[in-house]
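Take a look at the structures below.
In the two complexes that follow, chain A is the common piece, with chain B as its partner first and chain C second.
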Partner chain A sequence: MNSPATLNSIDSTRRSAAGRYVVATLSLGACLALAMLLRKALNVCGWDAYDTWTVVTAALAAMACSLPGVFLVMRRQSMMGDALAHTTLPGIVVAFLLAHSLQQAGWISSATYDSWRHAAMFIGALVIGVVSAVLTEWVQKLGRVEASAALGVVFTTLFAVGLLLIRLKADQVHIDPDCVLYGIIETTVMDTVPNTQIPRAAVVNGLVLLANLLLVTLFFKELRISAFDAAISTTMGINSHAMHYALMAVTAATLVSAFESVGSILVIAMLIAPAATAHLLTDRLDRLIAISLAVAALSAFLGHLSAITLPSIVFTRLGYPEVVDTSTAGMMAVAAGGLFTIAAMFGPRYGVISKVLDQARLSRSIIAEDILGLLYRMEEESDATALALNQLTAMIGTRTWPTYLAARGLAASGDVAVRGSSYELSPPGRERAKRLVRAHRLWESYMAKHFDLPADHLHESAARVEHFLGAELREELAAELEDTAEDPHGREIPPEQG
Partner chain B sequence: MSSVEKRIGFALLVAVIYLGNAASCIAEPLDHSHSTRPPARSLSRDRLEWPALSDVKRTLLLRDYNTRIVAIGTTMLGAAAGIVGVFMLLRKRSLIGDVVSHSTWPGIAIAFLVMERIKTDGGKWLPGLLVGALLAGVAGILCTKLILRYTRIKEDAALAIVLSVFFGAGMSLFKAVQYIPSGSQAGLNHFILGKTASMVSADVWIIGEASLAILIVIGLLFKEFSLLSFDDKFASSQGWPVFRLDLSLMLLVAGVTVIGLQSVGLLLVVAMLITPAAAARFWSDRLGRTTAIAACLGGSGAFCGVLLSAMFPRLAAGPVIVLTGALFFIISLFLGVRRGVIVRIVTHRRLKTAVGRQHILRALFEYLEPHCDPAAPMSSQLVNHIVSANELLPMRSWTLKRLRHLLRTAEKSNFIAVVREGGYRMTNRGAELAHRVVRNHRLWELYLIEHADIAPSHVDRDADDIEHLLAADIVESLERLLSERYPHMTVPPSPHAIDSAPGSTIRQSTS
Partner chain C sequence: MIRSVLAQQSRSKIENEHPASSPLSIHDMTVAYHRKPVIWDIDYTAPLGKLVAIVGPNGAGKSTLINAVLDLVPKASGEVRVFGEEYRKQRDRVGYVPQRESVDWDFPVNALNVVAMGLYRKIGWCFPVMRRHRQTAMEALDRVGMADYAKRQISQLSGGQQQRVFLARALVQDADLYLMDEPFAGVDASTERAIVEILRELRERGRTTLVVHHDLQTVTEYFDHVMLLNMRLVATGPTSEVFTRENLRKTYGGKLALLDQVGHKMTLGESGG
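Entry: the complex of A and B
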C-alpha cells in the first residue's frame, strides 16, 4: 500500500519552482516594506542608542540560550532546563561565597575580585548543572522515583538552599534575589566596556553565543544522533551519558551568562520557546537551529519594543497614565510565546490552520469523487442520468453545503454538466468516474478473493480505499485478479481506457 | 454515571461554599503591615542568632498566637498538598504544579488592577487576588492541554513554554503595576517568595478553609481519583467521566497552589505538591495508606518549617518548609519500609543468599542423582554421600572461590555438614530443601517444554532464573501435570543431560 506516497507526490508537484520564485519575491518585498514601516515606527516611539544596545544584549543572550534549548527540546528534557534555571541560584551563591572567603584569606586581591567573581560564577554554574543532573538521576535510580518527580524534588530543594544562603550571607554574596530571578537588563546595559558604548553583558553573551555555536558545529553529528536516538548513539560509540552531562553543563553556563540580562526564570522562555517554535516549522536539525536563532533574536526585539510602547498605550486607556514602560525580559517571554502561537496556528505543515485546510481539501475531493461515482452508477443502472443537489446529498450522506461546494468545483473543472438544478456527467467526468468505480470494484474483488469476507462487508472498505488507488495500484490489482470481469456483487468492472 | 456527576457537583458546591465563607469572614481589606514579629536585628548579620530558651519554649508550646495560627494553617495546607500530590505523582504529572504556580502571577496582577478600578485602594483584597490567581492557573493548564492536543510539541516543552510565558506576562504586568502608587505598596511581590511570617489570622482562615474544602472534595471523589490515577483508559472504557474528573483534579492542584502562594511563594509551592507524595511512596504500596502518609509528611513538614522559622527569624519560612520536606524525603528514601533503599538492599541480599543456597543444593542433588537407587527413597540416600568442592565445580559455571563461599554459608545455616577437610555431606534439612528445589526446577522445565514449546536443551537456563520464585499455586498445577506423566516419582527425571565431571567417584559416608 503506498497510497500516502501518492498523496505526497501530488503535494510536492504542486509546490513548483515558479511558485517558490513568486513566494521569494513577495516575501522580499514584504520585508522591505516592513523595514521602512519599522524605521518610522521606531522614530515615533523615541528609539535611541540605548534601546538598540538593550535589544542587542537581549538578542545575544536569547540566541545563546536557544542553542542548548534546541537539544533539550529534541531530547524531551525541556523541564531539565527549567530545573537548571532554578538551581543556578545556589551555584552562583556558593561560588560567590567561595570567592569572598578567598578574598578574605588574602588569596585574591581586591582589584581582581570582580573578574574572579565572574569566573567563579561560570564555574559554579557548570558544576551545579552537572550536580543537578547527577542528583536527579540518583534519586530516580536509587529510589525508583518517576523522572519528573525526581526532578521536582531536586530542583526545589537546591533552590530553597540558594534562597536561604542569600538570606543568611547577604553581606558576603551581594546578590539581590529579585535581580537573579527577573533580570535587570535595563541597568546591565548601562555597565559598558570602558571607552565604548558596548555593554559588558553584550560582550559576555556574545562570547557565550560564539562558544555555543562552535560547540554545535564541532559536535553536530554527535549531538544530532544522541538527540534523536540515544540507543543508536551508544551503539555507534558516542557516550550518550557524557553528552547528557555536557549538555547540562553548557546549558547551566549559558543560563548564568544570560540571567543578568533576562533573569533566571525568564531564561526558560528563551531556552525552550524558540526551539519549540522552530520545531513547529521544520524537521531538519540545521534549519531548526537557524530558525530558533532567528526567533530568539526576533523575540528580543519585539519584547523590548512592546515593553517601551505597549504599557503607556494600554494603561493610559485604563486610567493609569503614570505607567510608562515595563520589564523587557518579561515582554521578551511574552513575545516568544506570541511567536510560538503564530507558528502553531499558521505553520505551513504542522500549523493548526494548514491542518484544518488540508482536511477540508481532502474531504472536498472525496465528496467530489463520491458524486462522480454516484452519477456513474446511476447511468449504469437506470435512465435517470441527472441528479438534483438534494438527491446527491441524501445519497452520499453528507450535509448540503459541502456537497454543493464539491459539485460547483466539479462543474468548474468540467467534470459534470449543470442542467437546470441537476447535475450529470460530462465525457471527461465519465472517464474519471469510470476509473474510480474500477478502483472500487477491483478492491472489492481483491478483498473477496484474499480475505474471505462476506459480500456485504466489502463496500465499506472499498468506499474508503477507492480514493487512494492510483493507476499503478489499479494495474497491480487487475494483474493480481487476472481476468475477473465482474465484482463480487456481479457488476461489471469498467475497463481502464475507453 | 449520574451519581458521579452529582458527587462532583456536590464537591464543587462544598468548595464554593467554603471559599465564599472564607471570603465573607473578611469584611474589609486587610492590613498587611500588621505583624507581631520584631524586625530582624541588623547587628551580626551573617550569623544565625540562637533563640533564648524561653523563646524556644514559647514557640514549641505554640503560646504565641500568631505562630499558632500560622502553624495550623500551614499544616493543613501541607496535608492537602501532600494528598493532591499523590494523585499527581501517580498520573506522572508532578510538574504541572510548577506550571500552575508560575501561571498564577499574571492573574494576581490583573486581579489587582481590576479591583483597583472597582474601588480605589481595594486592590489588596486577598480573596480577590487569590481568585485571579486561580483563574490564571487554570488558564495555564488549559493552554498546556491545547498545545498538547493541537501541535506536535511534547509535554515537557509545552510545560516549559506555558510556565515561562505566563511568568513573563506576570513580570511585565507587575513592573507596570509598580508605577501605580497603590500598586507598589500592595506587597504583590510577597507572592513570589512567600511571607509566612507576616500572615495574619484572616489569611490563615482562608488557607485553612480552602484546605478543608480540598480535603472534603478528595474524600468524596477518592475512588474516582484512584481509578483515574491507575488506569485512565480503563476508567474511560468503563464509562467514567474521565475528562471532568481530570479537570476537577487539575482544579484541586490549582487550588492548593494558589493557597500555598502566600506561605511558600509561587517559586517553591510545587515542592509541597511533589516532595511529600514522592516520600510517601517509599512507605507503602497501597493508595489509601500512601495518601495518609503523604498528608502526615506534608503537614508535619510544614509545621516544623513554620516553627523553625519562628525560632530563627532570619530563616524564611518558605525555603525552610521545602528543606524540611526534603529532609523527610531523604529519610524516607533510605528508611522507607516498602521501597526504601535499605529495605530493598536487604531483600535483595536475602534473595541472593537463598538463590545461592538453592544453587549449591541443586548441584549436590544432581551430582549425586546418578549414583542413587531410584527405587529407594531419595533423601536417605542423599545424606550418605560425601562430596568435595572440586567435584561440584563442573556442575555450574561458578568459580571455586564462589563455590567455597556458598558451601560455607550453607554450612553455617546447617544445610550441609563438613565431614572432614574438604568433604561435604547434606544434612536432613538440606536434603529436604534440595529435593524441593530440584523438583521446582524440573517442573518448570517440564512446563516450558510442554507449554512454551522450548527445546529440552534450552530450558535449563530459563528454569534456573525462575525456580527460586515459583509460587505454591503454580507448583500445584505443575504437579498435576507431573502426576499424569510420571505417576510414581517425587522428582521427575531431568529432561536433558546433566553435565558433570566424567569418572567422578562417590564415597559412602562412614557414619
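Entry: the complex of A and C
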C-alpha cells in the first residue's frame, strides 16, 4: 500500500533524476559548443600549438604554486611566500656550485650534469625553506620584533648572500641571476623533450603539481587542523611547528621548480592570488582548493590570451602599430589580480555588490516596516486610517522614492491596500504591524526596567531594535517583563496573537 | 650497581609523588618566559572524577599551567604525570578546550568539520574522515544542542555557539582528563547552562575536568574542587574547605611583590653578587 505521499516522493525523485540527466546533457553540450567557439575565436587571434604549450606550461606551474599557497593564506603567512621567493637564491647558487664542482672533479658526467643540477637545486630549496622558517623564528625571538619584521630581516639578508655568492664565484661558473630567478616562459617553451612538442618545463611543473596534489590529498586533515588550531593540532600529536616547516620546504621546492620556467613574478602571484580569490567565493576548504586550482589555470589562459591580443588592439589605436605583444607572465599575474577583483566585487557572500544589495534590501524592509508601524499607530490613535505617500515620507523621515518603493512592495505582498493615492493596512498587514509595535513597546519597557533613562530616550533605540526582534526574542522579553501590559508611555502592548 | 640503586630510588620517588591513580600530578613545576618565571614551584595532584576550578586573577598563570601540562610551552623545571605516565604517552586520554580567541574563526570550515577534528588522532595520519566519524561528530553536536548548526561556517555562529562547538570537539575525544581554558568566557546564559550540564555528565562518568574559571560567584555552585593560583599555588582542595574569604584574599590581594622583583632580576640576568 503506497500512501499518496510516498508516491509523490518517488515521483519527485524520478523527476529530479531525469532533470539532472537533462541538465548534465545540456551543460555538456554547452561546454562542447563553447569549446568550438573558443577554438574559432582563438584561430582568429592567430593562436597556434606554441601558444597552447605556453598556457599549459604556465597553468601547470600556477596550479602547482596555488596548492601550498592555499595553506599559506589560511595560516595568515602569505608574506612567507614572497620571502621564500628571495631566500631560495643562496640555495640555488650553492646547488649550482656543488653540481659544478662535482662535474669538475669528474664525479658526474656532462651528459647527466643537468639532471644532477636540478636535483641539487630541488634539495637546496627544501633545505632553505626550513632554514628560512627557523631563522625567522630566531630573529623574532632574539630581536624581539614581530614576525613580519623578522621576515624582512631574514629574506633580504639571505637574498644578499645569494647575490654575493654569485659575484664571488662568477669566474668559476656562469650563473645569471636573470635566468635563475626570472625565467622567461617565451623561451622555456621552445626547450622541448626530444622528439615531441612537449616543453621540458611542462613536464617538470606537471610532476611538481602531481606531487603537491598527492601531498594535499594525503595530509588534507593534518594540514587543515594545524592551520586552523595549532594548539589542538599539537596536542593531537600533529605538531604544528613540524607542519609549518614541511609546508615551507614544499613551498620553496615548488617555487624553485616554477622559477626557471615561468619566472618569479608569476610564481609569487600564483602562490597567493588564487587562494585569496577562492577564499572570497567559498567557506569550504576542499572547494577552496579546487577553486584555487581553477583560478590559477584560468589566469594562465586569460593572461596569455590578453598578452597576444590586447597590445595590438590598444597600441594600434594609440598610433603604435609596431607593439604587438607583451610579457606573458606579467599579463598572467595581471589576470590573477583581475580575477581577484571580480571575486571581490561579485562574490556571493563577501562581494561588494552583494553587500550593497543586502544593505539596500535591509533598508527597504526597514522602511516598509516603519510604514506598517506608522499606519498601525494612526489606527490606534485616530480615525484616519489611510495616509498619502507624502505624509508617509514626512512622518518616517526618509526621501520620497525609497518610501514609494517600500509602499509598492507592501501593496504587492498584500500588507497594505491602495485606496486612490493613499495607503491603509490590510488584515494580514495589520497582524504584521501589531507584532512590530509589540516588539517596539516590549523593548521600551525592557529599557525602562534596566536602564536609568528618561522616557523620551527610549523611542529611538526601540525604533532601531524593533526590526530585529523575532518571535523568540519577543517571547523572552515578555517573560522577562512578566506580562507587563503597557509600555512606559502608558500605551497598550499588543498581544502576540489575536 | 650504585647507579641502578639510584635509578631504583628515583623511580620509587617518582611513583610516590605521582600516584598512577591520579589523573594529573604536577611535581615542582616552574614555567618561565624569557627566564622570568610566571608560575613558581607548583605541586599539585588532581582528584579523580572531580570538577576542578582553576581560579586566580589576570596574569596568575592559569593558562600557562594548562599549556605547560600539555607541552605547548616548555617547563623550566618540574615534572608532570598523566595517569602515572608522561603526557606524550597519554595524549589519547587528555582532552583540551583552548580559549575561543586562539583561532581564526574566518577559517573555511563548518561546525561539523571542527568537531570531527577531535577524532583525527583516532582516525590516524593520512586516513580521511569517514561517514561514521561524521556521525560521531554529529552526535556530539547534538549533545551540546548544536545539531541544527552543523553545516554553518564557524564565523556565522555566536560566541556561545562557537564555545559549544569547541566543547563538542573535546567530547568526541572521549578522554579521561579534560583541561578547559575559560569555556565560560563571553557565553550567553543558555550556553552556560549547557556547558555546566555537560561538565556534570562528564563527572558522572568518572572523568576529571580542570576548568579555568573567572566567575567567582558560580565556583561553589559548579565545582567540587578548586585550585587557587596566583603565580604560586595558594590553596587547593574541596571547594567547601578551600574557597574561603581568607584564601581568596591571599589569591587576589595583590601579588607577592618579591616574586615579581626576583622574576624581573632573572629577566635582566643580574646576579645577586
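As a working rule, the second predicted complex is superposed on the first by the 416 of 498 C-alpha atoms of A that agree within 3 Å, B and C clash if a C-alpha of one lies under 4 Å from a C-alpha of the other, contacts with A are read in each partner's own complex, and residues count from 1 in each chain.
Following the convention adopted for this analysis, contacts are C-beta pairs under 8 Å (C-beta built on N, C-alpha and C of every residue); 3 or more make two chains touch, one makes a residue touch a chain.
This one's a predicted model, so the numbers in the text were calculated from it and none came from an experiment.
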{"item": "Combined model on chain A: chain C and chain B, fit or clash", "value": "clash"}
{"item": "Which superposed partner A:I238 touches (first chain B, second chain C, both, neither)", "value": "second"}
{"item": "Chain B versus chain C as contact partner of A:K221, first or second or both or neither", "value": "second"}
{"item": "Chain B versus chain C as contact partner of A:T316, first or second or both or neither", "value": "neither"}
{"item": "Which of chain B and chain C A:L285 touches, first, second, both or neither", "value": "second"}
{"item": "Chain B versus chain C as contact partner of A:F340, first or second or both or neither", "value": "first"}
{"item": "Chain A residues touched - chain C or chain B, whichever exceeds", "value": "B"}
{"item": "Chain B versus chain C as contact partner of A:A269, first or second or both or neither", "value": "first"}
{"item": "Partner chain in contact with A:D229 - chain B first, chain C second, else both or neither", "value": "second"}
{"item": "Partner chain in contact with A:L151 - chain B first, chain C second, else both or neither", "value": "first"}
{"item": "Chain B versus chain C as contact partner of A:R76, first or second or both or neither", "value": "both"}
{"item": "Steric overlap of chain B with chain C in the superposed model, located at which of 422-430, 458-466 or 476-484", "value": "458-466"}
{"item": "Shared chain A contacts, counted only where both chain B and chain C touch the same residue", "value": "76, 279"}
{"item": "Contacting residues of chain B [partner chain A, same complex]", "value": "45-46, 48, 89, 92-95, 97-98, 102, 113, 117, 147, 150-161, 163-165, 167-176, 179-181, 189, 192-193, 267-268, 270-271, 273-275, 277-278, 281-282, 314-316, 318-320, 322-323, 326, 329, 333, 339, 341"}
{"item": "Chain C contact footprint on chain A (complex, rising order)", "value": "74, 76, 218-222, 224-225, 227-229, 231-232, 234-238, 279, 282-285, 288"}
{"item": "Residue numbers on chain A that touch chain B, as the complex places them", "value": "73, 76-79, 81-82, 86, 139, 142-146, 148-153, 156-157, 159-161, 163-164, 167-172, 177-178, 181-182, 263, 265-266, 268-269, 271-273, 275-276, 279-280, 307, 311, 315, 318-320, 322-327, 329-334, 336-337, 340, 344, 350, 352"}
{"item": "Complex contacts: residues of chain C adjacent to chain A", "value": "67, 70-72, 91, 94, 96, 98, 102-104, 107-110, 113-114, 117, 120-121, 123, 125-126, 128-129, 153, 169"}
